[in-house]
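Look for chain A in each of the two complexes below; its partner is chain B in the first and chain C in the second.
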Partner chain A sequence: MLGQVVVSGILAGALYAMVALGLALIFGVMRVINIAHGPLLMLGAYTTFFIYQALGLNPYLTVPITMLVLFILGALLQRTLVYRVVDAPELSSLLLTFGISIALVNLAQLAFTSNLRTVEYVTGSYTLGPLAFSKSRLIAFVVAAALAGLVFLFLQRTRLGKAIRATSQSREVAMVCGVDVQRIHRITFGIAAALAGAGGALVSVIVAIQPEMGQIWTFKSFLVIVLGGAGNYPGALLGGVLLGLVEQLASLFLTTQLSEAVAYILLVLILLVRPTGLLGGRQT
Partner chain B sequence: MTPRGTFRLGLVVLVAALAVYPAVGTGYGVRAVLQIFMWIALAASWNLISGLTGYVSFGHVAFFGAGAYTGAILITRAGWSWPTAALAGGLAACVVALVIGYPCLRLKGPYFAIAMLGLNEVLRALVSYFEGLTGGGNGISLPTLEATVPVYYAMGLAAAAVTLLTYLVITSRFGLRLMTIREDEVAAEAMGIDTARHKLYAFLLSAAGPGIVGALAARDQGYIEPISVFPLATTITMIVMVLFGGKGTVWGPVLGAVVLFVSQELVWARFPYLHQLLFGSIIVAVVLLMPRGVLGVLQQRYHLPRTI
Partner chain C sequence: MRLTARIALVAGVVAAAACPAAAQQAPIRIGASLSLTGSYAKLGSNQHEGYKLCERDVNVKGGLLGRKVEFVVYDDQSAPPTAVRLYEKLITEDKVDGVMGPYSSPVTEAAANVTEKYKKVMVSPLAATTSIFRKGRKYIFMVISPAEGYLEGLIDVAAKRGLKTVAVVNEDTLFSKAAASGALELAKKRGLHVVYQEAYPKGNTDFSALLTKVKSLNPDVIAAATYFDDAVALTRQMKELNVNPRMYGVTVGGDLPEFYDTLRQNAEYIYGATQWEPTLPYPGQKEFLDAYRKEFGHDPSYHSAAGYAGCLVYTEGVKRAGSLDSDRVREALLKLETRTMFGDYKVDADGFQLAHKMALFQWLDGKKYTVWPDELASAKTRFPTPPWNQR
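What follows is the complex of A and B.
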């Protein structure tokens, strides 16, 4: 039983880490906490659902399309609204993205109704000895880990990735070096939204889709960042796995209903005991 | 008569009119004014933490729900009278605020906002889980109340008390320190302000009102369940009211509560599906175009005192 919990926790962890990576990117580059991150994940899930429904396409093949759609949406949000609060006090950016978040959820309710939708594609699980690996969760794990790795490589190796990291370290110096900071902000927001969208695409195969599915993901993503230490990208992976484990343990020993409450108590405890995160908030 | 004298006279007349209103008003009217009182108390409470310190609380409805459940349990199981149960509701909300605020408000930055984001969902899950005490999903039914009017006065008192509290805080050194934290927390610390403690005090003050009001609302409605007392929509409405009226002011939350409640009753009740979209858009528009709210704009244009 415990082995199963560990397996399920790790499988969920990579997905959490990938989605949280998007939130961490925006925060790192712009010092903006995007409350609408979870609702963007919800939109990603709907995008995959509608492509799957209309074209019968393998939902995993829709991941790049969904990511592209969400990238454009994210860049547009940055270009039209969010750019105006990047330098404003924290209150403004929190409230603005909160407003966007509520509006997106309501728009989804209007456009897609509140009916539960499901993408039934891969069901069942692989078994290995006493352990069961749910197929859809296993694929989600692999895709999420690969995407998180790709983004990490992109940030480390490419010119654009270096420009993003430079902007997050010091916007003024990056500007002096000829980096178009506004463009970097749009790209960063776009990548973050694309990661949320990929998360949505992967989640759509696992759980039912509805307009309010997203909000909890903003909270979970933030919790992953806090667990791993803000600004620490490898830490996010650890944080994701830890959150997955804690949730699985909670649903084993208590009820699924309480697993969110347990995650919450975890956040409060971490902030109480070790506010810089488990890895000590070292900057990478 | 000086402008200040006129203002005070107007205030006295208004309070007197509201006090005799139940004797002449219709049942619907009394209920509507009671609701306005409730929203004034809620919005003004949110303003105490978020308007004054700049720390955004996305889960203030959690205190409303904590108060509602504390009040309902004390009334039904311990046989308390509703006024004392309401005060206990306020106390319970303060305890919740202490548990959340102590770890989160020691830190600068978005920790507090995010911690508050999930609080109402967590309390809802806990309330549903501990069925023995709370009735779980079945909720709690309170004994029938003979009249609405006593609750009307209690709610009015709560609204007046939170507004008066806001005035006292804004005109005090404590309030100045809170606003210093909002403008520049590092500078506030450099000036010797114990920022963590001040933020926590402001947060406790802002939790008491919703706790009391929650217990009163539970008494008034006669039935509560987890879904009805922890809706995110209530927090959203508080935020919209304060932002619209003018955050960090005494009368902004009052203005926002009255204007938004009345327009909600008259216009938006016909478009329930667009409600959240509208509120989300108002938040975005106010943050971008009118960050100081209606009252803030008036203050600036007509050089009104800061204590308005």
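What follows is the complex of A and C.
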């Protein structure tokens, strides 16, 4: 039983990690906590659904398209709204992104109605001895891990990635070195939204799509980045897998009802004992 | 919402001109708030269509007490506090002659405080929570079966088939908890051994750990008090983890066409509970279906049917009382025993529904067949459920 639950936890964890990485990026670079991160994931799920419905395309093949759509949307949000609060106190950015979140959910309700939509593509599982690997969750795991890895390579190796990290470390110094900080902010928000969108595409194959599906992902992502250390990108990966495991193990040994409570108690404990997160905050 | 009222008014005027006998007196105005926007929008709109069709049919048949009937409907945006305000307005400002219930248990629970205060009879066709009717309220009447009865059919069939063990899982919300506790009680009564019971939080979509535990106990029956999302997720993960009970039933969500569209062959053999199906052999069913499809261009859901039936029950009560006076209508509704296209109606002294029966259906070859109770059944159960790879 334990083995199965650990497998499920790790499979879920990679997805948490990838989605949370987006939140961590925005926080790291701009010190903005993006409450609208979950609703962006919801829009990603709808994008996949409509492409799947219109073209009958394999939902996994829609991931790049969905990411592109969400990248543009994210960059636009940054350009029109979020840039106004980057230097403001954190409360302003919380309020603004909270407002964006409500607007996105309600617009989605108006535009797409609250009818439940589903993308039925793969069901069943691969079995390995006594262990079952859900097909849809395994694919989500692989894609999420690959995307997270790519983002890392991008941050570590490319000029643009280095500029993002530089901005994250010190905006002033980056500016002095000739980095166009506004542009970096737009790209960062775009990448973060694209990661949320990819999450939405992967999730759409697992659960039903509806306008309110996203909010829980805001909370989970927040939990993940606090666990791993806010603004610390490898920490987000660790936090994601940790959250997946904690949820599953808590529902195995306690009850499913308590599993969320356990995750949030962990959050409080970490904030008390090690407020910088497990790997320490804001290192790049 | 103004517009709805205005359209209703215009429709009333046009109809009145065509029918001079009933036009001599002012129409009887029945007020209601419905969830026309917000999270219950779709279901509330279906209920609204039920009311509208009832209004039309009552007027075609000569009206009520010789007067035309006219609905005054506002949008409560699926929010209980808004419904409270709207019922206040309907009763004190609009001075409607009667009211009908809103959509959903939480909204009804809130609105009932207002209607009780003004001693207005409120037939509430879409409230299934027992506690609403057990608070000493005098003027509220229930139409659909209570939540506790949703899994009765599943447990009954399981007991008759000689099954021994059952696992009950439920979402941790008002309705699902009531459905699960009803199932537990029935299971005990029928001699089934409850080997596992667990609630999971609303919005939960990962059941791996829960199902791993269930699998190790290998129950004959899994009874799940669900909504749509969790019913789908639970079913998918049962397949993934190869959890294969002899019977598996869900409550809400399993009856939607989307349930089958999503799960396809994986929905086969699954049992579900339903308040009403268009195929049930109740009187007036065909006429209702034809009229509804013609009027609105789509099939009614049970919300539409319950709305229509609730309105019929109320107008029948008024007819028997011969008056719109709350206390006299109340007396008539307490005594009333009737069968509509929605099924039976008979309430106890609290206005709590006793006669209406839930039906149990099974998904077979892409269609829902009613398999319980026997007198309504359209097919025999296919039992036991085969392994996942043979569905």
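We adopt the following convention: the second predicted complex is superposed on the first by the 274 of 284 C-alpha atoms of A that agree within 3 Å, B and C clash if a C-alpha of one lies under 4 Å from a C-alpha of the other, contacts with A are read in each partner's own complex, and residues count from 1 in each chain.
To be clear about the criterion, contacts are C-beta pairs under 8 Å (C-beta built on N, C-alpha and C of every residue); 3 or more make two chains touch, one makes a residue touch a chain.
What you see is a predicted model, and the numbers here were worked out from it, not measured in a lab.
Peer 1: With the two complexes superposed on chain A, say which partner A:5 touches: chain B (first), chain C (second), both, or neither.
Peer 2: second
Peer 1: By the touch definition at the top of the document, which applies to A:95: first (chain B), second (chain C), both, or neither?
Peer 2: First partner only, chain B.
Peer 1: Applying the document's definition of touch, where does A:255 land relative to chain B and chain C: first, second, both, or neither?
Peer 2: It touches chain B and chain C both.
Peer 1: Just to be sure I read the superposition right, which of the two partners does A:173 touch: chain B = first, chain C = second, or both, or neither?
Peer 2: Touch status of A:173: no partner.
Peer 1: Touch test for A:153: chain B only (first), chain C only (second), both, or neither?
Peer 2: Touch partners of A:153: none, neither chain B nor chain C.
Peer 1: Considering only touches as defined above, state whether A:57 meets chain B (first), chain C (second), both or neither.
Peer 2: In the superposed model, A:57 contacts neither chain B nor chain C.
Peer 1: Output check: A:264 vs chain B and chain C. Expected answer is one of first, second, both, neither. What do you get?
Peer 2: Touch partner of A:264: chain B, not chain C.
Peer 1: Should A:216 be classified as contacting the first partner (chain B), the second (chain C), both, or neither?
Peer 2: Both chain B and chain C are touched by A:216.
Peer 1: Which chain A residues are contacted by chain C in one complex and by chain B in the other?
Peer 2: Common interface on chain A, chain B vs chain C: 109, 216, 255, 257, 260.
Peer 1: Which residues, counting only chain A, touch chain B once they are in their complex?
Peer 2: 27, 33, 35, 81, 84-85, 89-92, 94-96, 98-107, 109-110, 215-216, 218-219, 222, 226, 254-255, 257-258, 260-261, 264-265, 267-269, 271-272, 275
Peer 1: Contact residues on chain B for chain A in the complex?
Peer 2: That would be residues 50, 54-56, 58, 99-100, 102-104, 106-107, 109-111, 113-115, 117-119, 121-122, 125-126, 128-129, 182, 232, 236, 239, 243, 273-277, 279-284, 287-288, 291 of chain B.
Peer 1: Can you tell me which positions in chain C touch chain A when the two form their complex?
Peer 2: These residues of chain C touch chain A: 39, 41-42, 172, 198-201, 203-210, 212-213, 216, 228-229, 232-233, 236-237, 239-242, 256, 258, 261-264, 266, 388.
Peer 1: Mind pulling up the chain A residues that touch chain C in the complex?
Peer 2: Counting only chain A, the residues touching chain C are 1, 4-5, 8-9, 12, 109, 113-116, 118, 120, 123-125, 127, 132, 134-137, 206-208, 210, 212, 216, 247-249, 251-252, 255-257, 259-260.
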